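Going in written order, the chains are labelled A, B, C, D, E and F, and every chain counts its residues from 1.
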Amino acid sequence: MSEDIKLIVNGKRIDGRAFDELRNIRIEAGVLKNADGSCYLEMGRNKIMAAVYGPRKVQPRHLADPVKAIVRYRYNMAPFSVEERKRPGPDRRSVEISKVSREALESIIMTELFPRSSIDIFVEVLQADAGSRTACLNAASVALVDAGIPMRGIITSVAVAKVDGHIVLDPVKEEDNFGEADIPFAFFIRNGKIESIALLQMDGKLTKNELIEAVKLAKKGVMEIYKLQREAIMKKYIVEDVE
Amino acid sequence: MNIITDVRKDYILSKIRDGERVDGRAFDEFRKIEIETGVIEKAEGSALVKLGNTQVIVGVKMQVGEPFPDSPDKGIIITNAELVPLASPIFEPGPPDENSIELARVVDRGIRESEAIDLSKLCIEEGKKVWIIFIDIHALDDDGNLLDASAIAAISALLNTRVPAERFGVGEDFPLPVRNLPVAVTSMIIEDKILVDPSKDEKSVSNSFITITTDVDDNIVSIQKSGSYLLKEEKFYEVLDISIEKAREIRELLKEV
Amino acid sequence: MSEDIKLIVNGKRIDGRAFDELRNIRIEAGVLKNADGSCYLEMGRNKIMAAVYGPRKVQPRHLADPVKAIVRYRYNMAPFSVEERKRPGPDRRSVEISKVSREALESIIMTELFPRSSIDIFVEVLQADAGSRTACLNAASVALVDAGIPMRGIITSVAVAKVDGHIVLDPVKEEDNFGEADIPFAFFIRNGKIESIALLQMDGKLTKNELIEAVKLAKKGVMEIYKLQREAIMKKYIVEDVE
Amino acid sequence: MNIITDVRKDYILSKIRDGERVDGRAFDEFRKIEIETGVIEKAEGSALVKLGNTQVIVGVKMQVGEPFPDSPDKGIIITNAELVPLASPIFEPGPPDENSIELARVVDRGIRESEAIDLSKLCIEEGKKVWIIFIDIHALDDDGNLLDASAIAAISALLNTRVPAERFGVGEDFPLPVRNLPVAVTSMIIEDKILVDPSKDEKSVSNSFITITTDVDDNIVSIQKSGSYLLKEEKFYEVLDISIEKAREIRELLKEV
Amino acid sequence: MSEDIKLIVNGKRIDGRAFDELRNIRIEAGVLKNADGSCYLEMGRNKIMAAVYGPRKVQPRHLADPVKAIVRYRYNMAPFSVEERKRPGPDRRSVEISKVSREALESIIMTELFPRSSIDIFVEVLQADAGSRTACLNAASVALVDAGIPMRGIITSVAVAKVDGHIVLDPVKEEDNFGEADIPFAFFIRNGKIESIALLQMDGKLTKNELIEAVKLAKKGVMEIYKLQREAIMKKYIVEDVE
Amino acid sequence: MNIITDVRKDYILSKIRDGERVDGRAFDEFRKIEIETGVIEKAEGSALVKLGNTQVIVGVKMQVGEPFPDSPDKGIIITNAELVPLASPIFEPGPPDENSIELARVVDRGIRESEAIDLSKLCIEEGKKVWIIFIDIHALDDDGNLLDASAIAAISALLNTRVPAERFGVGEDFPLPVRNLPVAVTSMIIEDKILVDPSKDEKSVSNSFITITTDVDDNIVSIQKSGSYLLKEEKFYEVLDISIEKAREIRELLKEV
């Protein structure tokens, strides 16, 4: 169907953005009382609530690891988050997203400090747009910091797409559906510098060179998001200090 | 840990005996209620409700489907609640347990029995096609009394709902015909005292609850005694009066939605 | 639909009863061999079998409470108990009924005497009519006595309905379906006196005064049922003594 | 507890070695069989069967549905068994386990293979509409040999069934066309002895069973060896003879239903 | 429908076999690396893979028996094994087959040697024809020997059918579907001699004399299969010795 | 037991540090690949693939069904993987877990994104009837890298598939229109080294994987980083080159299918 729909017109994207421009992002840390850490995040039309519980005792107990904390991550879509009502409960897509997202975070959480514990990360997609897994990871990262979980750095995530032959940053639904490729990334950032890749998936059709271009664009994007994550965290702690 | 919990419980209890609540409220006082509608643009209707620190979001989705055989000219309401583990350390992932089922069913009954939605206006083709209204309650933060917050969010979301007739090719969009404003009021009974809108903190000292839902005419449309306790008849009548009165106050907020 | 169907004609109800008249009730205690206590009960067209097992070791063990017995209650409808065959297994309605029924009984069972134990109450609706939850509670009460479970008194249950503007006792299916309100009650009875309310639900539309009238009528009804429960228990023990 | 159980087992075993059963029956003697039909008026057919203290109720419900593609002109039998926890301390709530599945399937086979129901008379419109017969077995008290009790209850309920054609708007009600009387006989094999209709007490000393179902012409229509044991060929033939004989006796009771 | 289809023509069966003739059988032991014992078996168009794990620690632990090993048997059909794609996961038929097959093998495995252990037998039906349960048992037996599980003998299995009035050995699908009776057998064979019956089911319509004839025919059949099982085992061990 | 495991792991690791693999392969060397197609006659297509000791069978079944509303003129692919407990001591019976879901989805993506099947040729009646292709991956023996073996088996089975149009009464059978040959290459990253086709033995020392699927034109059609580890950017480009090269070699084998 990509033939029928022009996604790029006069060098601008369907929503008017430049190729390397992010959607609007809004991040607020510490929005829930029960959770040890939490974050509300909007990224385009994505609306995400993330909560972190832990380190706490593992339930059920037989899952405990005697040498480190186990990390759990549950990506869940609210039934009203999508056009057609989604039946509650995990589907195959969300099981896979939960797995790769958990693995991205696991790689930077200092789990060795909390044997026999669990660190539970729950993200609820209240409204879904393209890139919901990347939005969730960004929210989860902030919630982890808010919960005071010791980490080697931070995870920041963004997707890149190929649309009408162009590599573009942070695609919206139409670009995802009718574009030629979608590549969600998450990077490990330490001391303000991108260190390595924590999450990488891709589907579509790309040459190697296009992929290299995509990595470059994603890195530009995450540095901007990283600043917003920092700001959200700073804001919360500064406000708290004042109180 | 348990000692701290016990000390806290004793403190809450002794306060109550002195006629006070730990958060300074009067026994018949709700926490601050904030209602924000239209928070989910993709839903046909939605509302985020904060009741103190308790937060819940309700989204309404509509679909075209077959009517029930015994009401061929009426729309269908399906109410569902997800107590997702994000909202409380004691909620677990998985299919709905008895608490989320009870929550959904009590909210549903308030809407259904007050005939808040004019279901006869939701028939598209008698016996063939009617509107199905999915009311999905999604807990975000349970600081006590999720039920009343959910009931407020549900009716608020319904007030905010437009029937997406165009998308389904069955005419023009129109606002959901809402004609009543049911309000649920939950009280905790403890040592012969009645505390409306119990917080999580307060729930740690008692599991004796009763939820009374009333409509715009002060009719009682739903009652649910919940928790293993024995309720004195005179106490029940007292709760009735309080519930009717508190519901009137909350209904004023709904009228502004 | 209530307009079309006349439920009250000449001051009599659809099945000829007076407003304050119960349906026929038949109660038999101790009808099962395996169960520690049991009861077969008919209430109108409701046919109920109740069994009690316990106090016994909790299975699975992690559910055990170190300071008291846990009470479990399972309300289950046989597939053939209703007009349209019911798929086996619990639905949302029976989960809710099981919860409020368990809570009613829990409040009078001396659970503190049996730490780490369970008292399991199973009720099977073999044939369903209106008021099956009240019939089940009445049967469960007798089965608990038959099992010798120490209780502070007894639970007796009946529903009241508003039908064509009248408050009536112990409604049948048509009154429940086309009436204006349904109010299942269960009362705690001790030494032959009603002490307090153990179960209370309601749906429909009622004024406060109608509700007060309903309570009055329910209290009249349960006292009659209570006598039948007593008789059923006495009969069994007397027969046993003779043997 | 375990010592008492062991002493009891020893007693049962020693009795059997002496050619006796603890409840005084002969090895080839069934407990008293009581059959009551029509116990559930809302069902199309029903029967309560008592086999000693074992009690089981079977209800038959009928619906109109689509036939299987490979038998477009035949009704459909669906047999299901619920071993509800009410009936035994060892039954657990939840989906059917291997024991309830085996029970349902063995009862089903007896009815199906004896062609007890004339399924060709249950076609309403070839390839489109046929009668579906739900045979639901509901255990009430398992004092051993639930299987034979269930099989008796199932055929009794079928004999008691009227096809509810009027309710479904497809003609006049008529009795279900039952044309055979399958009877299941379960034996326990222990130390080369054959005990028919084993009680729960007796089952505590052996898990070696065989169920043989025969029809009005003494044809064998179903066999199920159940339990992990090895069955001698000659013992099998002996069980066959006993089963045919006992089934004849039980069939006399069915004729009175 | 058996009237319409002639299953026996000129004393020969639909696939040309004599009444007492088995289908082609191919058995290969030790075909999997992970399993402790394994066997691939073809019997007519049945294609079966069997694996044995154990004796090993029971998972979950609460299933362990302090005085003997527990035996588990899982008969599973691949989704592509039948004409119409089968939904993955156990159905009622496979639960029953798993039960009676497990019981047949349990009766000859020396479980008393391995308290608190499990012996897990998994059989996958990769392609299904009539008699898949008998083919699976034959494969499982060889896999058990291959795993070195101590047994009192061996289990060998075959079905017999009544077809157009004749008792025939090892029926194919058409004979099973349109025949008058199907009788799967498994025998316990020790020292090359049939000792007793380990599995016996039957559905259809038979006289006692036909059943006696069926047993005779089944015994003839299993002795032939037993030889092939032996050969498969010998072959593997001889090959191993040479290496 | 654990000591032996640890010693083994140390040995594997020290070998890798010395630039060697325990089974003697080069870092960029696959184990021997054997492909046998048509192994399940009842399936529309099938293939058994051995990758060293790893064995997997894929069966393709086809049905006629309704298209998705947003692609009314296209066939449907459904890919499913069963990691049955027969194939590994760590696989458990039950519904698919995250590993089998990931496996199925990564194989699916390779086929889908390379547009290996011309789905527009699988429309029978636009908006009404299209072919549904069930690709069922059935693990037999997991000695590591089940994913690449499954991907090879899936495309081999598809190459072997005939559309059973006659059986469904919709024309004559024809070969499934396969027009691309996606090949998945999984590498393990360990101490800055890249090992393709990791064996189970090797997987005991690292859980850092990346699977890159490429098509006949060396396009990348699917990537899946799997395992909790951090991947250096330059290492990623290195893996890309290796994956493209190895896929070309494997594709030669597929051309012979």
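By definition in this document, a contact is a pair of C-beta atoms (placed from the backbone, for glycine too) under 8 Å apart; a residue touches a chain by one contact, two chains touch by 3 or more.
Treat the numbers as computed from the prediction; the structure is a model and nothing was measured.
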item: Chains in simultaneous contact with subunit C and subunit E; value: D
item: Smallest number of contact steps required from subunit A to reach subunit E; value: 2
item: Chain whose Cα centroid lies at the greatest distance from that of subunit C; value: F
item: Of all other chains, the one whose Cα centre sits farthest from subunit E; value: B
item: Chain centre separation in whole Å, for subunit C relative to subunit B (CA means); value: 27
item: Centre distance in Å when subunit B and subunit E are each reduced to the mean of their C-alpha atoms; value: 58
item: Mean-CA-position distance for subunit F and subunit E (Å); value: 32
item: Junction residues of subunit F, two or more chains touched; value: 96
item: Arrangement of touching chains [line / ring / star / complete / other]; value: ring
item: Order around the closed ring of chains, commencing at subunit E, then subunit F; value: E, F, A, B, C, D
item: Subunit C-touching residues of subunit D, taken from the complex the two chains share; value: 39-43, 46, 53, 55, 57, 59-61, 63, 80, 82, 84-89, 93, 95-96, 134, 136, 138, 140-143
item: Residues on subunit A engaged by subunit B in the complex (per definition of touch); value: 32-35, 45, 47, 49-51, 53, 56, 74, 76, 78-85, 88-90, 120, 122-124, 126-128
item: Subunit C-touching residues of subunit B, taken from the complex the two chains share; value: 96, 98, 101-102, 104-105, 109, 112-114, 210, 215, 218-233, 236-237, 240-241, 244
item: Touching residues on subunit A, where the partner in the complex is subunit F; value: 92-93, 95-96, 98-100, 102-104, 106-108, 183, 188, 195-208, 211-212, 215
